[in-house]
Amino acid sequence: MTDVSTPDAGTPAVSVKGLSIYNHIGEVPAVTDVSFTVHPGEALGIVGESGSGKTITCRALLGILPDLFEVTAGSIELLGRDTEPLTQREWTALRGSVISAVFQDPASFLDPSIPVGHQVAEVLRVKKGLGRRLARERALDLLDAMRIRDPEYVYLQYPFELSGGMLQRILIAAAVASEPRILIADEATTALDVTVQAEILDLLTDLKDRLGLALIVVSHDLAVVSQLCSNVLVLRAGEVVEQGTKGQILFAPQHDYTRMLVDEHHRFGLERFQRRAVVRG
Amino acid sequence: MLHRLIRLPSAWIAFGLLLFIIVLGIVGPAIAPYDPLDGGAKLLASPSLAHPLGTDYLGRDTMSRLLAGAPVSVLSALEVSGIALLVGAIPGLLSVYLGRAFEWLTLRIVDTLIALPFLVFAIAMTALLGNGISQAMLSVGILLAPMFYRVSRAAALAVSSSQYVEAAILGGSSTVWVLRRHIWPKVIAPIGIALANATGAGLVIVASLTFLGIGVQPPAPTWGGMLASDLGYLDYQPYAPVFPILVIMITVWALNLLADVLRDASGESGRIMLKKRALVKSKKRRATTVRRALQGGQPT
Amino acid sequence: MTVEADVLGARQVRGRPIAAKAVGGLRVRRIALGILRPIATFLPVFLIGTFITFLLGALTGLSPAYVQLGEAATPSAVARLNHQWGLDKPFLVRYWEWFSALLHGSLGNSWFDGVPVSELIGQRILISLSVAALALVLGVVFGTLFGTISALKSTSVIDRTITGFLSLISVMPPFTVGILLVAVFAVGLNVLPSAGYIPLSQGFGPWFSHIILPAIALSFEPVAALARQLRAGLVSAYNENYVLGSIVHGLSPRRIFFVHVLRNGAGPALALLGLILPNLLGGAVVTETVFGLAGYGVFASSSALHGDVPAVQGVLVVSIVVVVGFNLVVNVVLNRLVPAAQRGI
């Protein structure tokens, strides 16, 4: 059950305390009193149905809350730094180099008129100050590290010429290119085939271990979360229903809602993870 | 869609103006205070009580001439868009159902029509078919047809590939019902918008042609023709062209406004826009309350 | 980055010569298609357009006799002149002769005075194109300016003012603006000339002062159309997910605008340029009348009124060639900026 790298006890990479966000459009609270921490090398899973507030929480972590959503209480600290007083310019500097993200529907998150390789290289040029040629080399290395064959060829492809799995790898490459300490994967595998899903999840685990990333995996799918994460947070209607280690949530769910989620996933094969955990545990 | 239209203030303005102009078009000549061809008064006079819009170089009352010229301009513009609708919409719809060859051919013809400059082509047609307003209208109508071709083709494509139509037919609804309930609303809006735009364009082209002396011969009054004579006497009466220009501009503006209003009221963007307006209004209210609360003590 | 050290060596070992060739091939294929596709689209337009032009002329039944002799044209005179001009040959023969002459650059001779049409138009086309080109430049500059500002400040007061201003401008046909400009600047203020044309060779100042007013008159509609289209395109591009993606990667708003939003949002506006040109050429007819310019527009008009068919045909062909050529260039540029498949072609 434990991961390969030992998380260092020390400053958590992400520290959220009592976060509450109000939705002015729908006139309802979107998130109420959410707290969690993620240490480097650790993976936290946030589980919930649509509308549970998982995406809004992620957006708050990235500083990209939509208009008319307002943080009404609590604090967010990234690498020990409070994000509340940050200006736009400071946020721009923070994003990419400290915290980054990949989302669902990878095709729409890439510029359709620029070859994908250039977009990865762009992150390197802007955030790492690399020159053209060096950025291209490094981008090719990244594509290769994402287990893409023929990186030189893929480099020049446009997004519409590539499959969802490929595109997601490229987005992950772009996200880690600037060496962030924190990576958010918001439903990153939801739009992909099952086999591709497994590969991407493997890739993410690999990156987390090798780079010491603090990973936050958001999903409605408990199976995805249990494959990657050591800790789990369950959200419903913006409130924390239950949180704890994977073992606690999966085998000893306290709350009815959590129990219902776990039971539902039984029908889709969650036992595999449970059994393996029992054997190791 | 109608209920959304009613809520937009600009819709009222557009409809009101257009109704007024159409009425003018119909009864204009009858209510003109003076005979538009009768040149008795002072030449090139500035606006006065007797002649609210002044007179032209032959002493004819400008307002009467404008009113008399209204039918030609308004009706020709409508005629032009009507022709464009027929010539364009039918091939547009058919292009989706009659196979690739027909589709390719009509697409290329449409491209060609777009490439031809309006006025040059209209003039060429009058040279070839005779110097009459109907020939010019026909040629302009043909040139505006691509607009309707594209709109009806897009509507037909959207409908033919939509799944709700398939589902409705499979579910047992009659074709007529499907046409009325699903297809008609989707088609009528873009065509309405195109009609408004085409009529505006048609009006401008009619005015340009009559300005050049093509179509209606003087001394019959037309808005464009009046501008042509005003141009010659600009040194003596620089304000003369203002009135025909205003009339043309207001009519075209009303038509464009109608097109915009139709576009806003139909489709998703319309609904979202109305919601946004309501939201901004309520947010403004909230913002002012918050501001007042922060300033301390001022009654809301 | 730890990845680099252990992976870089592996990639070099795995180096694939096949990939290199494929990459080169991909590039060449893209550039070739970017040029060939527009040509394939516009060649039919040229062919069909010229055919229609010839067809119209042949259908009229007009004859050089009416042009030269007017009312005095007896049926025998008509027959004689028709034979002299080769107009009694079969339709397809005439078409073929006309079209092949066209490809060699000859537009036939005017029925009015026998002078080659290309000569008559040649002198005048420069004037019309000067005005149209300046109008286009004005349209692009101000259209881009207004479109960008109203998109960046969308829904603010500035945006609404600009939009209102644009709707005002868009309903002012070129000849009305022209007349107003003459009234204000030439007659009222006496600052600019109201008529005539001075070639560039006689100095930039005079040349410019003669074409600036007609160019402004023609530019109103392009400015409004371009600004609107650009605003719509930019606003919709800003709503796309890739903007969010760029923000998350930590790119600056300035970079996001210039590199990503502008490129994708300007596509429709750029395509609009190709449609604007025919309107400019068409509008030339009236502006030349208002401003007393001896351009190809008035030539078309007077030829049409005289019934001089070759001259009118020549004018139409020149219009087609200019428009098609311009659209070709615009489409090649578009293909470079935005991949064709994205535009659904």
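Note that the chains take the letters A, B and C in the order they are written out, and that residue 1 is the start of every chain.
Here is the rule we go by: contacts are C-beta pairs under 8 Å (C-beta built on N, C-alpha and C of every residue); 3 or more make two chains touch, one makes a residue touch a chain.
Everything numeric here is computed off the predicted structure, so don't read it as measured data.
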| item | value |
| --- | --- |
| Chain closest to the assembly centre - both centres taken as Cα means | C |
| Furthest chain, CA centroid comparison against chain B | A |
| Whole-Å separation of chain centres (CA-atom averages), chain A against chain B | 52 |
| Length of the line joining the C-alpha centres of chain A and chain C, rounded to whole Å | 49 |
| Whole-Å gap separating chain B and chain C, where each centre is the average of the chain's CA atoms | 24 |
| Touching residues (chain side chain C, partner chain B) in the complex | 41-42, 44-45, 48-49, 52, 56-57, 59-60, 62, 167-168, 170-173, 175-176, 179-180, 182-183, 187-188, 194, 275, 278-279, 281-286, 289-290, 297, 300-301, 303-307, 309, 312, 315-316, 319-320, 323-324, 327 |
| Chain B - residues contacting chain C, complex | 108-109, 111-112, 114-121, 123-129, 131, 200, 204, 207-208, 211-212, 227, 230-231, 234-235, 238-239, 241, 245, 248-249, 252-253, 256-257, 260 |
| Sites on chain C touched by chain A in the complex | 1-4, 7-8, 10-11, 16, 19-20, 22-23, 26-27, 240-242, 244-253, 255, 259-260, 263-264, 337-339, 341-342 |
| Footprint of chain C on chain A - complex, ascending | 62, 64, 88, 92-97, 100-101, 103, 105, 108-114, 122-123, 126-127, 138, 140-142, 144-145, 150-153, 155-156, 158, 160, 171, 174-175, 178-179, 210-211 |
